[in-house]
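Mind looking over this structure? Questions follow.
The first chain written gets the first letter, and so on, giving A, B, C and D; residue counts start at 1 in each chain.
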Amino acid sequence: MAYLGLHALQHRGQESAGIVAANTRGMTQERDMGLVADIFTEDRLARLKGRHAIGHTRYSTAGSSQLINAQPFLIDCHRGKMAVAHNGNLLNAAALRLELERQGSIFSTSSDSEVILHLVARSSARTLEGALVDALSRVEGAYSLVFLMRDRLIAVRDPHGFRPLSLGKLDGAMVVASETCAFDLIGARFVRDVAPGEFLIIDSSGLRSEQPFPPQPTRQCIFEHVYFSRPDSMVFGRSVNQVRRKMGVALAREHPVPADIVVPVPDSGLVAALGFAGESGIPFEFGLVRNHYVGRTFIEPKQEIRHFGVKLKLNAVAALIKGKRVILVDDSIVRGTTSRKIVTMVRDLGAREVHMRISSPPTTGPCYYGVDTPRRDDLIASAHSVEEIRAFIRADSLGYLSLEGLRKAVDDGDTFCAACFDDNYPIAVNQRAGTQANLFDIPR
Amino acid sequence: MAYLGLHALQHRGQESAGIVAANTRGMTQERDMGLVADIFTEDRLARLKGRHAIGHTRYSTAGSSQLINAQPFLIDCHRGKMAVAHNGNLLNAAALRLELERQGSIFSTSSDSEVILHLVARSSARTLEGALVDALSRVEGAYSLVFLMRDRLIAVRDPHGFRPLSLGKLDGAMVVASETCAFDLIGARFVRDVAPGEFLIIDSSGLRSEQPFPPQPTRQCIFEHVYFSRPDSMVFGRSVNQVRRKMGVALAREHPVPADIVVPVPDSGLVAALGFAGESGIPFEFGLVRNHYVGRTFIEPKQEIRHFGVKLKLNAVAALIKGKRVILVDDSIVRGTTSRKIVTMVRDLGAREVHMRISSPPTTGPCYYGVDTPRRDDLIASAHSVEEIRAFIRADSLGYLSLEGLRKAVDDGDTFCAACFDDNYPIAVNQRAGTQANLFDIPR
Amino acid sequence: MAYLGLHALQHRGQESAGIVAANTRGMTQERDMGLVADIFTEDRLARLKGRHAIGHTRYSTAGSSQLINAQPFLIDCHRGKMAVAHNGNLLNAAALRLELERQGSIFSTSSDSEVILHLVARSSARTLEGALVDALSRVEGAYSLVFLMRDRLIAVRDPHGFRPLSLGKLDGAMVVASETCAFDLIGARFVRDVAPGEFLIIDSSGLRSEQPFPPQPTRQCIFEHVYFSRPDSMVFGRSVNQVRRKMGVALAREHPVPADIVVPVPDSGLVAALGFAGESGIPFEFGLVRNHYVGRTFIEPKQEIRHFGVKLKLNAVAALIKGKRVILVDDSIVRGTTSRKIVTMVRDLGAREVHMRISSPPTTGPCYYGVDTPRRDDLIASAHSVEEIRAFIRADSLGYLSLEGLRKAVDDGDTFCAACFDDNYPIAVNQRAGTQANLFDIPR
Amino acid sequence: MAYLGLHALQHRGQESAGIVAANTRGMTQERDMGLVADIFTEDRLARLKGRHAIGHTRYSTAGSSQLINAQPFLIDCHRGKMAVAHNGNLLNAAALRLELERQGSIFSTSSDSEVILHLVARSSARTLEGALVDALSRVEGAYSLVFLMRDRLIAVRDPHGFRPLSLGKLDGAMVVASETCAFDLIGARFVRDVAPGEFLIIDSSGLRSEQPFPPQPTRQCIFEHVYFSRPDSMVFGRSVNQVRRKMGVALAREHPVPADIVVPVPDSGLVAALGFAGESGIPFEFGLVRNHYVGRTFIEPKQEIRHFGVKLKLNAVAALIKGKRVILVDDSIVRGTTSRKIVTMVRDLGAREVHMRISSPPTTGPCYYGVDTPRRDDLIASAHSVEEIRAFIRADSLGYLSLEGLRKAVDDGDTFCAACFDDNYPIAVNQRAGTQANLFDIPR
């Protein structure tokens, strides 16, 4: 079940994956670099003995793409064996690590998540639950966590609720997952989201919920709806597909342009483009085709081929594009280089005009709460106007969905974090430090 | 370049792939089971020395999925080293093989393509070109072939022109490929299709075309447009995307039904569904989401999970489907089991009605000309009426595009083979023999 | 250099191997299961950047054969990055681990060696050297250790000096290794043994030696000379080859028997057999031939083949053995099953008599100081007389070298531990606990 | 059983290995590059279904180290499926290949062995046995062959009997193998050698022997006894161990020299050195130790280390050598570079004198009958006197066993080929052509 769940959540991390299984006799772990379908052979699944399990898929952030950082972590402390999988990013991990190391703790990974385990191990609380609360009371940042012990599973979501975490039910057993699409695959029923700040204990006596942390304003990641989540998931109580549809509709209203066809940049722009087309009345066309066989080891040719990088993944349909005024719809622009290649490829095939529409506001700031955005300097919108970006990507026009439009599409009642768009970071960040993960890789 | 071309053509065969490179000093070969991106490491590409090359991707047919059958074949005969890659299927290969073996030929594969090489090796023709013509005059069936020698490349398409083969140009060099999407990736320009029966010699003196075979009625594979080719390719002079769009439009006219949403079965039904939605005025929705991470080694769980097999690849978007009358659009129904799982999955999510629409006629017969269809007994439409199929897949209604509608969509001027739909096989087949490939695997 | 050194020391551990390299900028680590020659590809060696390095080969002990336990360990603590490789076994590791975990330490391996790192991390000593001495003052048992930091290498041998550790010199640089054969391979010159209790600091300012621990009686492992070390090494100041030769001579004197040939059990009995033959005047013959291609993944056939297990490794030379009275010379008998197979194989080939001679006393007790002997119950000599063992292995006679004879052969001036032969354990062991490694694997 | 047999014969070829199994329903094949123990996983062995099987280990000759050349070959011809494994080398393979290719045969390997299969396939003989005799009547050279069909196994040895082939019996079943050590491992009993020119048919009706070829003088390879065979085998009716012992004795008589110790170059010089020591009365010592962990992928360091190459495999025991007059015994000198490194290594450790003794005559010519010797130019003895070789390898003296001494040691009644020592080639060789294997790799 954990294996299938990871498969459904593969889009959330393709760098490494792992599963820890537990029963009353012990815990077993299998982790490796790569994709879920490649890592877990029959042999490896057979070695994972137990009645409950947690799993994790991880995406690559610079400098820490190593097996040692693959989750779930499995450790031994005086409270017994314990495993943890963490979705999110801690903001005070570097300071806590320094403090813990000064007290004699040894870190064996460069991951921020390890700090939590050391805090648990050092807590003087009487119970394990108490120790977990102790530990989490000290960390700041974004965390959806699952802990596994021999006899129980504990799920926690940080008080701001940055990252999603859902609760499901399957034949009387409880399951938790980042997205509901994992429930669909294993035939589980979605029950509800784990609430921000909720501490959920699942053991043989059933389900117990606590709210041990001081309440905070909810700050759910709006980018989950823009890009990260799968469109077939329910995230933060909303259908991702329907939210994206609304973004496309709003985008068409905010930035109309006369054109012949609306073409999504697959797969991220598909649903918004459909909304755009419906609202504008301009025909939707699959004018870009994606090659799904691209692996991570693809060898780039030395020869100079026009738009090569993007062509490995995307090709344009000449017959649709020639002589047309084309509206391209994508979810966001990060560095601008890919958009520029796509626009140029489409133009080279004879498009008369190329208009780029983006179903979110300009990405002006990095995310410190668990989404792998590049640092500010690499975000084209952090230092350039929309007009400058338009010129760079060589589009005839460029329109971004407004923040207001986006908030409306997700039906935001002041519960969403949109810091990457509005620089309004719910938890202060030491900007000099950059992301925590990078900090730990600086040789001392 | 050959490596990139194979990557673009990966959808035509995922079982094995290979490249042979040649220069005046010799020829080198790299073949393996698996996907192009996995097979060709930098080491292997570096070992492929030469100024021209051919490649091949192969799909699996029962019983012959072995490295030894991976193409291109590279052999040594008295005319020197020669490599060949074959798209298609020969109909008299078994008889020719028997005859050749009786004369003392040794076969080292179970592939029908090897027959051609033996005929070439035994030909008494003075020139190599003569020997190739000699050999091909004896074989019947479907073949688009590329031969590679140290100093030339020869491309041939059978007189009926069953399988596609296109000619392109890149910086003064000529390239041939099954589909034009390969040209797009390497930046080559599409020149024209290789004509049915055409014999094309490419060497240092340029391009030479011959028509050495008696002319035959053109019989291009209509299924390339229905399913097999990539939508961004030009095949048989037609844009695959546009043909599929027309199929969807015709399907909507032939089998209208009141409904709330049109949902394509991705990826094969995407374009036709768009046509259907446009013509019918019913909204197009991405109600099924495809998981592109499914590998071939995926381990199926022992537990009973509803619709498990199809859910690994497809998941439905509950929010879109609940309470709706849904039209599903797919390209074809083979055994019916997958359609049944999809319909049931959609119905389980609360669809009020589920109508299946297929953008081609009922598949009643196997293909003997190079498409990997199962044998007749396994084709549900070979022995069941549309109503019986509807009942089996549990749809509220089922509509197939008529053959006439399909021919119109591809603008057929009596140049297409539609034998899998109308049992009108251009070349007689010994039905008892089944496919040739299987014949060779019967232990003697 | 570290890679070559590990290759020379491969016989000391075939389960896993690793290297950590360091320079002033950082430390890099490569570890894996398997043999040195298989683990270290050019890529992996290239990733090991640095000016100094340490390496380790590990042998398998039950229950802990996992990558996570492969050494050297590399950790991060408040004193910076530190790596360690440990030869030996700690006796109070379980108690220390319990204590450390109670204080909040997290263990990520099931290896006793990790305890040392936690003690270092928790030490309040001002300097790193002070912390190491602090930590080692708390552990009891056998340890030859190398620590690597960014700017220095520290070598330590426990006060009893159980395990060997030698110091060499190569072009002005210092090297340490378990056996001098590693120096030979890299062209280094043997300088001297690291002394029992010696604490050796090697950095850019040269070599510094300290003796920070209270002195203890020297207890060097006599089994290194009996079996474990390579015959081309100098161990504890003695040539292993020459010591084994003397054992054979003494064995011939203690247990003479009229016979036709002396046959060594290769490779461990080679040198002693030569001594035996020389002293007895009976011809030495290579009557057993070893197959060196046996890998660890060899698949055992289901069929019943006589003496199969031993025949994969050893075969007897029928022409030498037929009709002869044969003396077999081996270094030790552990369970007795292999000796029984060898004796029977030789007898089946027509030997008139088979006399077994062992170049060490009966192995009556397990080693708690770093040699991988089975537990007491599995040692045939722990509960059986020599006559009973003789009957079990089906030999006509059986003679063990006396402990006195062995001590004389190694020229023991009361500096050797022979606990596995005389039950005289220099450090008390909690026998209930068994080996420490096993303790950690008991699920809690 | 075939798998175990290959394991016992691994020393005869480490480049690739394969097994073909047969039953009345068909034949299955598993081949790969590498060692037997690495190639054959449980999966692969399980795929080899059948009641009888043949196997092959192959050694590397320049230019043809490819999977395609790994034996046994398995082919399809009009007589059905047939597999063959060949030990030896054909002398007229190039000419036959040319002729066969002119007649239309296609070669898929660069191996001389393939010629036999084509001749069989083309034979007009009525029976398969007749076709095999037909085919073999046309080839010249060295061949010990096993053919496998669905219902029988045929073993053939060429009329000169160059290469060994022995017949054994196991529980009523017949087995054939290149050396009797394979019988020992599987528990089979050695029956007799297959005779030169014998054609042996093994099927359900038992064993049938024929002598279909014109008789030729027997010319068994003397080098099998010098080096190639395992010492525990009976080869050509003689114990390899005993023959080598006699070589050592004769060598001591022919080239006595006052010295302190006799040291074998392991493993090839072991037995002869024992004979030398016994005859001379000079003590035998294991002064050189071999590291058996050297794999083929060992990465050579860039640094200049004295005698590095040889030290990976051999190390000298300083304590034995210092101040001594050392006699080194090896089986042969090929290029001289290894001997030079060994002599220098021994001298560097303080040997007072180093005398090299070789248990065969100077190797002056390459072998065209199946032993992998380098071409004549690379054989130091082909163009240099013994004194020149002595100077090159830096020995104080050098003595080769005389051809007469060697013939006496093997008890040669004019039945041995010693062409590599006396240039007396039993079958004329076109010297320009070099070895056949190389010829096929020349690009045409």
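The rule we apply is simple: a contact is a pair of C-beta atoms (placed from the backbone, for glycine too) under 8 Å apart; a residue touches a chain by one contact, two chains touch by 3 or more.
It should be emphasised that the depicted structure is a prediction, and the values quoted were computed from it without experimental measurement.
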Worksheet, complete the sentence: Neighbours of chain D that also touch chain B are none
Discussion item. Hop distance check: chain B to chain C, minimum number of steps through touching chains?
Written reply: 2
Worksheet item: Relative to chain A, which chain has the most distant C-alpha mean position?
Response: D
Discussion item. From the mean C-alpha coordinate of chain C to that of chain D, what's the distance rounded to whole Å?
Written reply: 36
Practice prompt. Could you give the separation in Å between the centres of chain A and chain C, each centre being the mean of its C-alpha atoms?
Written response: 49
Discussion item. Counting only Cα atoms for the centres, state how far chain A is from chain D in Å.
Written reply: 61
Worksheet item: When you check chain B against every other chain, which residues touch at least two of them?
Response: none
Practice prompt. Select the category (line, ring, star, complete, other) that matches the graph of chains linked by touching.
Written response: ring
Worksheet item: Which chains touch, pair by pair?
Response: A-B, A-C, B-D, C-D
Worksheet item: For the complex, which residues does chain C have touching chain D?
Response: 1, 3-4, 7-8, 10-11, 14, 35-38, 40-42, 45, 181, 184-187, 230-232, 234, 239, 241-242, 270-271, 274, 278, 283-286, 289, 291-295, 297-299, 301, 303, 305-306, 308, 311-312, 315-320
Discussion item. Taking the touch rule as given, give the residues of chain C at its contact with chain A in the complex, in rising order.
Written reply: 25-27, 75-78, 80-81, 98, 101-108, 110, 117-118, 121-123, 150, 443-444
